[in-house]
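So, here come the structures, one by one.
Look for chain A in each of the two complexes below; its partner is chain B in the first and chain C in the second.
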Partner chain A sequence: MDRPASFLDEALSLDDGDSNNLQPWIGRVVLVEDCVETNGAFVLHHLIKRFLSPNLSSSDSIVIFVAFAQPFSHYDRILRKMGCNLVVQRENKRLIFFDMLMLECPDDGVEDGIIALYGNIQKAVEAVSSLNKNITIMIDDISLLEVAANGSTKDVLDFMHYCHTLTTQFACTIITVIHEDIYSSADHFTLPLQMEHLADIKIKAEPLVTGLAADVHGQLTILNKGSSDGLGRWKSKIRNFHYRVKENSVEYFYPGGRT
Partner chain B sequence: MATNKGRTSSFSRNFSAAPTSSIPGLKYGPNGTIFLSSGVPDLDKILGGGFHLGSLVMIMEDTEAPHHMLLLRNFMSQGLVHNQPILYASPSTNPRAFLGTLPTMLVSKDDRSRNTDAEQKDLRIAWQYKKYLGENKPHIEERDGKVEYCNEFDLRKPIEKHLIMGNRVECISLLDCSSLAGFRNSCSKFLSQLPRYDGNITSAGRIAIQSLCAPQCEYFDKEWDMLSFIRSLKSMVRSSNAVAFLTFPASLVSPSVSKRWQHLADTLLSVKAIPDEDKELANLLTGYQDMLGLLSVHKVARFNTQVPVILDATTYSIKLQKRRSLVLECLNQAPVDGSSGSSYGTSGSCSGSSKTGTLDF
Partner chain C sequence: MADAICRVLRDGALEGEHATSLTINDSVDSPFGPIVFDYIFTQLSSYISSGKSQSRGVVLVAFSRSPSFIVELLKSRGIDITTTHEWLRILDCYTDPLGWKERLKERGAIKTPSTEASLIVNLCKDVRNLDDLFSLIIALGKGLVGEGKNRFSVAIDSVSEMLRHTSLSSVASLLSNIRSHAQISSVFWLHHCDLHDMKTAAAFEYMSSMVANVKPLSTATNVLRENSENLSLLEQNYKRGQFHASLKRRNGRVRIMVLPSFSLNMYTCTHHTQAHIQCSISAKKCEEFSIEQSLIKFTSLSAGKNETAQSLVPKVSFRHYRIYPFMSFFYVQHNSGYMFWQVQFNLQLSDKERSDRAKVVLPFEHQETGKSVQIYDGRRSVTEGKHVSSIEKLQKQEDPGRGEIIYFRDSDDEMPDSDEDPDDDLDI
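And now, the complex of A and B:
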């Protein structure tokens, strides 16, 4: 599909200028930060569509989705409007969906519950690793994982570190969502700090300083820590632009540049 | 600078084209959602139809005023009028006593006179038969033979006894719960009679929880237990035909826990008290004397869609129309007094602002 590049794909180095030759990520950790006023789930929807679309130059991608926030039907209907059928993808084994809405860890068995969850993810990854496809693990969202773990930040961090080992071992990409406004007023910054340290790419969705508006739903700030320009040099870049979410796509534009 | 001129168009469904449900008290919304009335007609309009079936609605209380009770009462009365099973929990020793304070449906004089006018027109020729018809008219519960989706309630008059009789409302006292596990099981049992079908909906239920984190409850200091409970309530409600309505005094929990609660809500509202004799506010707003308080809409449930709801105004004034029915009105800035010389820093527009302040609307 011949389409002009979108700001988001460009900022995420998902796009090398030629939209017919999309480069997938390999072994990256991506952190999406949002708040009550601006929900960052639309970034996840965009990335799901990207990874499950048939446009990728190299072999297909597989998405492992761990959902704490919404049921499968919600994502299915949204992605369908964007032109991606999650039911079919799930049947074709390109999408593995873990519905964790009802995950309950008993008080004394939090560690076991989290270990079991990690075990499931690792099994799923190992099952598809032989197929030589790009694997992406998406977790929506990690603040709810903390609640499911009864507040045991230590267990959640251990879980994330174990998932991180999968990036090196199997070249998976991990994408998580965190609600950064929960931690800004707390004494315990451990989780967001560790996640930011782990992340190669940080995407932050927040409202404009002037508040919410119908034309501009918020602003995205993207910090891409290590983008190689192909000659062995690594430079980090920060991008900031505004966005407006629509039913089947998201518009990105520079401030004041709305057509 | 590449602009995203995609060929895809964004179209939104026309609300009015959605078919009306044949089940009283339920209405179809866009994206395959179903609405339940909040019991306050203005609030239904603001939220775009009502509360989504399967959603968790949270009201952040103001500890200085009980305005959240007005919303709670209307919510429960609406459920009773529509014959929907209700589970009510509150931190009082006798929650069933609260049912006596629920408002009854408002029968407005305008309706009655309008109907009789129509009658008089039709029966102009056969006027002598009017005396046989007037007395046998049924109580105006239905208009055009259809049960109303949303009723207005008269907060001065208590609800009819027969509606709260028997087991229609299950009452639970939160003071009896040392941990929330028992309460959770009660909710689970209540919701198991209302499973979610994608096909025909036969009934819908309501869960009303008042002041979940009240300090007198034993579990008050167990913040993670409360979060865990809300999370499971949200998941249970999502897979059933019910709406959970929960109020909590946000200022009594720590800010980060309050934020977690707010993130868990599908629809988030807050009420704030208005001081009685605030000269500054009286100068700023018209109709200040009639206002009870302010209602702010922070988040509206988005099921099956990623587009956020951006309202024209997020703060409304709570008033009692004719001292009996709850109305929500947009705030109007009073004409600025030119001689005073000072300009009010915040603009009069009511769109939400990200900065916090005491007079922020």
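And now, the complex of A and C:
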């Protein structure tokens, strides 16, 4: 286990002593917030690799990836550099990839389009639920889903609500990405705020206060509301540290801790 | 205070009165509204299941949490779930609120539309139709307690979800119908106030006999975290918070709790009149809460601090800050903390007003201008006096910019009697 990854994993409660324990994440909703200056895609890539890691033999995980932002080849290229072969995972049925780049709901049929999308996801979940594995649904990203839904925030939120029901019915984990800087702050009912209320864990990638730097690309803040089911461990915690995106990996360190 | 709220809900409403109603407000900065809701729900359920409350049952309208979560919650709080069919019904608006799953099942796209049916759970497949929703709630409640005088309570989690599907007026109408139903003892709901505008929050507060606000301990700046101090503040906000509660009495007054009320007098001068405006601020009862092991603990703010007996009159010192030209902020320190509120009176003089004030001739004999001033000494003739003392005080002056003080002595009202010596009563 490489040290930089466990730093983030520990902050995300993915590394609570038992390094292969995904228990804290079952049934949770995770929101990755980023902006133009600091792209949060690296968090998603890290999580894909983590969940598809061959080390997780005792609790195999299946990833259902709904892509609005990039085609399969893009993720494959990046994950390959990180040491994870998505083609093989897809063939082994550990990765189910929905390419939604071309999805565009007609003006009067937005709800139907979104319902159909949800239907596909639940169908995929049902197909693998009998295998008794952890199911993770990743959506990249919510902002583009809204575009595909012709800007209908309501339908997107309804969709997210229905995905949330999958967390209780099938114990799925949901991970979504949202770009917070594209929404107007004047509008009260912004999608990010609604998503923040829905999410249990918020991972926020933002620039440093001091501005651009060559050796530090941004800061990551993790807010974990904590599980409210009263079972097991319950930690409400906040972590903040800096990161630097390198060619094949990402380096994490506390502010001032980089040598 | 939280327990006091639970007791008020337990005691319910008097005959002929609207049901007791509670709004729980929270925001993303202190997102513990659901935990407070759970606390109140389990307390009320405990009273109901042990027969200690006015209501004999509770109908929970679940929008944001699943029925299974609710059952697990009751179990974890030590409530006997084997008897829930006698006093609990859950209207499941979470699993399939818009009927999507049913439609998909009909098309053959999915296999399992929802969880299995249960004695206490009823599925609602269209939350947009609030008339039907109301009928369902009443039907479930009557199914629990029967017809007649028996009452039941209603809990809604959350109205913010309802507002996504329907308009504020429809939701308000539903809540109003629930409150005024003869068989409903109490009703409470959760509201994320940062998702809606002020009008919505005001509408819910207007319909509530109690309002509970879940607030962060301190507001850390949400922009970029500048230092670790902000981070620790944020961390505190995720573990603890403030719980503000206000209760409306039947006579319309907001219930004043331990912190006594205090008055703040403000004076504002207009051109001709001098007005005295008194503001009375009622302090609301305040508690802190902390989250431990998913349980919420409320502690009174005054308890635990190293203070001796609280005096009836708090030490009040206030400083006045002007931040905007037409608004004033008062910062008041009292026994348990600080209150900071905005006063929408213009207490500052404009330039014109300042110059007018400088021009006012004060009624002193010696103005230090070298010449004596003729001062009205109250001995003008009656007719002239009466003519001047008309209601029309706002007469246009020759010089409109010149301020003037018009003073009428009380002795003007007396009829002057030449025989009478005003100094007769002196005993020299």
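Simple rule for what comes next: the second predicted complex is superposed on the first by the 230 of 259 C-alpha atoms of A that agree within 3 Å, B and C clash if a C-alpha of one lies under 4 Å from a C-alpha of the other, contacts with A are read in each partner's own complex, and residues count from 1 in each chain.
Quick note on the criterion: a residue touches a chain if its C-beta (ideal position, glycine included) is under 8 Å from a C-beta of that chain, and two chains touch if they have at least 3 such contacts.
Source: prediction; values computed, not measured.
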Chain C versus chain B on the shared chain A, clash or fit after superposition: fit
Touched partner set for A:Lys133, first chain B, second chain C, both or neither: neither
Chain B versus chain C as contact partner of A:Ile115, first or second or both or neither: second
A:Leu101 touches, of chain B and chain C: first, second, both or neither? first
Contacts of A:Arg90 with chain B and chain C, given as first, second, both or neither: neither
In the superposition, chain B vs chain C on chain A residues touched: B
Chain B versus chain C as contact partner of A:Ile182, first or second or both or neither: first
Which superposed partner A:Leu193 touches (first chain B, second chain C, both, neither): second
Touching partner for A:Phe42 - first (chain B), second (chain C), both, neither: first
Chain B versus chain C as contact partner of A:Val209, first or second or both or neither: both
Chain B and chain C, minimum CA distance [Å, superposed model]: 10
Shared contact residues on chain A - chain B and chain C: 207-209
Parts of chain A lying in touch with chain B, wherever the complex brings them together: 3-7, 10, 36-39, 41-42, 45, 71, 73-74, 77-78, 81, 83, 101-102, 104, 143-144, 147-148, 150-151, 179, 181-183, 185-186, 207-214, 217, 245-249, 251-254, 257, 259
Touching residues on chain B, where the partner in the complex is chain A: 1-6, 8, 10-12, 31-32, 223-225, 227-228, 231-232, 235, 238-239, 254-256, 259-260, 262-264, 268, 298-299, 302-308, 310, 314, 351-354
Of chain A, residues touching chain C in the complex: 115-116, 118-120, 122-123, 126, 154, 157-158, 161-162, 165, 168-169, 188-189, 193-194, 196-197, 206-209, 219, 221, 223, 225-231, 234, 236-238, 240
Chain A contact footprint on chain C (complex, rising order): 28, 31, 34-35, 38, 66, 68-69, 72-73, 76, 94-98, 100-101, 103-104, 107, 109-112, 114-115, 160-161, 164, 192, 194-197, 224-226, 231, 234-235, 238-239, 291, 293-295
